[in-house]
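Chain lettering (A, B, C and D) follows the sequence in which the chains are written, and residue indices restart at 1 in each chain.
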Amino acid sequence: MIVVMDLHVGEKELQAVENVLQQYGYRCHLIRGEQRIVIGAVGATKGEIPPVLETMPGVEKVLRVMQPYKLVSREMKPDDTVIRTGSVCLGGGYVSVLAGPCAVESLEQLITAAREVKKYGAAALRGGAFKPRTSPYAFQGLMETGLEYLRRAREETGLAVVTEVMNPADVELVAETADIIQIGARNMQNFPLLKEVGQLRRPVLLKRGLAATVEEWLMAAEYIMSGGNYQVILCERGIRTFETSTRNTLDVSAIAVAKRLSHLPVIADPSHAGGNWRLVQPLALASLAAGADGLLVEVHPDPQSALCDGPQSLNPQHFGELMAAVEGLVALLGKKLVRGVERQ
Amino acid sequence: MIVVMDLHVGEKELQAVENVLQQYGYRCHLIRGEQRIVIGAVGATKGEIPPVLETMPGVEKVLRVMQPYKLVSREMKPDDTVIRTGSVCLGGGYVSVLAGPCAVESLEQLITAAREVKKYGAAALRGGAFKPRTSPYAFQGLMETGLEYLRRAREETGLAVVTEVMNPADVELVAETADIIQIGARNMQNFPLLKEVGQLRRPVLLKRGLAATVEEWLMAAEYIMSGGNYQVILCERGIRTFETSTRNTLDVSAIAVAKRLSHLPVIADPSHAGGNWRLVQPLALASLAAGADGLLVEVHPDPQSALCDGPQSLNPQHFGELMAAVEGLVALLGKKLVRGVERQ
Amino acid sequence: MIVVMDLHVGEKELQAVENVLQQYGYRCHLIRGEQRIVIGAVGATKGEIPPVLETMPGVEKVLRVMQPYKLVSREMKPDDTVIRTGSVCLGGGYVSVLAGPCAVESLEQLITAAREVKKYGAAALRGGAFKPRTSPYAFQGLMETGLEYLRRAREETGLAVVTEVMNPADVELVAETADIIQIGARNMQNFPLLKEVGQLRRPVLLKRGLAATVEEWLMAAEYIMSGGNYQVILCERGIRTFETSTRNTLDVSAIAVAKRLSHLPVIADPSHAGGNWRLVQPLALASLAAGADGLLVEVHPDPQSALCDGPQSLNPQHFGELMAAVEGLVALLGKKLVRGVERQ
Amino acid sequence: MIVVMDLHVGEKELQAVENVLQQYGYRCHLIRGEQRIVIGAVGATKGEIPPVLETMPGVEKVLRVMQPYKLVSREMKPDDTVIRTGSVCLGGGYVSVLAGPCAVESLEQLITAAREVKKYGAAALRGGAFKPRTSPYAFQGLMETGLEYLRRAREETGLAVVTEVMNPADVELVAETADIIQIGARNMQNFPLLKEVGQLRRPVLLKRGLAATVEEWLMAAEYIMSGGNYQVILCERGIRTFETSTRNTLDVSAIAVAKRLSHLPVIADPSHAGGNWRLVQPLALASLAAGADGLLVEVHPDPQSALCDGPQSLNPQHFGELMAAVEGLVALLGKKLVRGVERQ
């Protein structure tokens, strides 16, 4: 850690800062420049930044040299984490596509969707039973019944099931059904929820928050891993910017950066990012080209009758076209596409 | 609602769109322009937008004419909602300042803080028992013990108590202590939590999310109100932008806009917005000048020893200076500052 | 155009609005809803929105149905514009890579760069003679001498030359040398400059501004085209967001959206977007996968000695690796990569 | 400057970095931590950061300790700069309001506006003769004729005149008329223009760019000052964020921050920030409360007939109400409002 201080600070203030640093286990190196005094602080094993520092007299800024996360870091674990569950395999050169409707609407809708996405090569079925909706008056999901339908669809097709949990109290219930538990973008910093899924030993798909930096996203993953659950899948789904021609702005750079900083698999959700089914294919391919290990795609047997997110859902035929393009690109990139059908 | 359609759409597609609109209770008015066909849809009492619309062939865009919120709207209730609890009075010309430490750290720290903020005119004591922290390794709050200390501080000073809840499972517990329940910025769209506090009959202080539009903020308040809890206090605390010289960007325009659109009281949190105690006074005064009905301010008896947010906490002396400036401005604006001490 | 009015507006106000619309050539269709009155205005050939409208009593909002641009629009010209100059061919299935140093630093540096980028398949040489720098104390470019070196490099290698102009007064001078004139991101709305290059009959590479919407970007292109210069190349180079782990946020969705809305070729600048040479390849591939017609890449013979943008410049070897990957992807996407060497 | 290096870097790489630093005049202090090596570099009078540094092997990041601007800095000049011209006085406790129409439309419109704003206490008349417009088809200003009308209005009322220049070639022409030359937000980093106005000895009003950080804004002012023109007025006019309920987001924190970092006067433009005349008063008062030294306000004798920005223009009556509120607030803040009429 580097502490930058005013050149004209008194010896007493300087000593006070050094004392605090020493209490936290740091050794101090003092450098007197022409316009500032700089203290280089090293040697504290925990690397904690004393909260008091920035408020002390004479301190201008505190610059962190180290990253604040540990377990998610590629420095800690240089090799890619590969996450395998049922038909899904993500990371370390394996690519899976998780597809299905935004919301579970009926048994028939879900089974049809599952069969269609399996036919074209999806490795898992996604579908929301508990839906976060901006309006209290909008459809909130089928809840327990939705979970039951997901289990039925898994029995029917053998596809692993991905579904979202919003309430820490529902984690146990959802974990009975879900092969992969999804934490939505709005809950990326719902810390009680992160702690709860950190207690599971089951993969967690962690969406990046709309306004979360890559560092905060990795810190959210660190919450889950610090609970002992090392199976975290990072999912970029677009950030909020000034641009209004798309629902969100897909941040492909974040995929590349997260892959460099962390060993965890990173996937992309082109459906929520663009908010328009016509953008799904270009954004899906862009994500893979930037290094993504997989995709989360909204597919609905009949997008026009969807209770939510219809405009951004592919129909099965368009999903088939997407998968053909994905297959070519994955091969070109020297990776392997894992299809649900192959692993049953 | 306005549906914009391609000029070259067939009669069959046009009819299909009209059918859907009629199913939702709309009457359709067709306008054929030079380059587009426009359908004006009116008369549906619920005003719901059929999710299917945007996906139908020939539909280019769907423009909403009405606001999506009802109970929070000033159209629904033209007069200001005034929220009174214990020493606090907010809205309708009354201004209150809620002040105290970021986190409850010890009984002594809290009681000292409570006495100091009361002395200078705060109407309520704020203090976190459950703390949302970016890092799993940072101090997470004293939890139940923190709530106990808050009760002790209220007994001692008579100040109403504001504290945050993060987990729906803790709402009942926190509501036993809190006079005002705080929902933090990261939880603005934590819908299970909003629904839970919507069941209370106790004021809720709802912070705006870092990347939430004013409309989403009002929709979050609508969640609470739709549960039957009409006592919602909106709190602007800075949004996330590209600017890095402050922790967040205080959006004073949002205060003015929210006051126009809604009857609910709106307050500001200049401490989190600026992230620097030196910015608290200018941002506090700016918020009041823009129309805020109150302030939420971090005050710590000894900011240098604070376990969190020390750099943005005022010490009691600076808080005294702030309150003197606030008092002058509130009077100039023709409003009334309510001091805790006066109402006991 | 749609004008939304208060339900309780008087007949006089309503009439006033209709009069204004009629003056602009619109025919009005009045729709009285339960809570609003809506006027659908059609038939004005110019489609201009009367500036007064939004200020008239009773008017709540004015919704535009049509796009504000014409010449850039794909509605106007459904087929892709293909821009050909010297060795470059962009659009309509042709992909070119324009590469070279951020700044022209010396004749030797430029000639070496030109030979290297040509060797690996670049279609044009980029290099700045006039440099926009944040600090007045930083290197500002070699100016006229830089232009001379660019001409020498073209003679030597046959590559077309891309270089930036910042001052309207320099347009004529720069156009004597440049095969493609670049307008930088900071000048995207420098209207006198846009008008000046609109008078040329030479391709203009128009970078998207850091905070420009896709619509504003297209309107800037419209400025150039409205002057009679139809050869505009759009270049996405990253927008400014809250994320700080990359220099800017490459907006691949904007590439896909601009391709849908406009017939003009769209390229990407992965060097400025990421600000880090390690990100150039993933971002370049992502851009092409999203539909880009070309790339603008910074390559320096010796990035460590670069006078500007060294951290984001590729060395020739890495550029060679990039081009190999680009070639494979372009073929997979069914497009044709145009190499400078092939067209001489 | 601090250079953070990989712990496992070889002595050769380390030596190379030190050599570069020494070439730039730095003395190096090496600190070996547990996980990183840190080099503290001090003593270079120019404080320049070698561009090569970030690309050298083993270098992880380069942290700047000093600010990159000099002449604008309050460290360099602790006392407020006070800018006086004709009726205007800004900074050092003096507050002026500059008001008038967005665009000069006719002699009559301008003279009427000038009389009205003078009547209510404006210190200067604003009005655009050269207008930056998003669309090439929109009204572009009266140009030379507009400048003539501005001179006529000054003769008539004695008010100083503020008007914008966009083209470096027009600077001389505009400077013949303008008492204060305005640089618009879109031109904040139009470096040829900044250099040109840096040659004047006449106040320049420099608007903050839509996506400019406070640091970049100050660097733009540094461009002007480095040319020898020390009379720069900074003007906050709203930044671009995700929020769409206002035209831009007024950043009052930036006013407070800029006042701390620089000695230059800072004013605010509440008209462009909010984009709605109803927001002008709350945003104007908020800006002053945050520390602004003045206001730039759009006032039109008849906003409904305005050729541009009508929706955000005050009519004279509302401007009168604003000025009454401003006068009270300025007095409360212990500053002095300078009225044009008083100084003639």
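Please note the rule applied: contacts are C-beta pairs under 8 Å (C-beta built on N, C-alpha and C of every residue); 3 or more make two chains touch, one makes a residue touch a chain.
Being a predicted model, the structure only gives us computed values, none of them experimental.
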Output for shared partners of chain A and chain B reads C, D
Greatest Cα-centre separation from chain A belongs to chain D
Dist(centroid_CA(chain A), centroid_CA(chain D)) in Å evaluates to 39
Rounded to the nearest Å, the gap between Cα centres of chain A and chain C is 31
Touching two or more other chains in chain B are residues 211, 240-242, 244
In the complex, chain A touches chain D at residues 2, 4, 29, 31-36, 38, 40, 42-43, 45, 47, 63, 65-66, 240-242, 244
Interface with chain A, chain C side, in the complex: residues 211, 213-215, 238-239, 241-246, 249-257, 260, 273-274, 278-279, 282-283, 285-291, 328-329, 332
Note: in the complex, chain C contacts chain D through residues 48, 51-52, 54-56, 68, 132-137, 140, 166-170, 186-187, 189-192, 194-195, 209-211, 216, 219, 222-223, 226-227, 240, 277, 303-311, 313
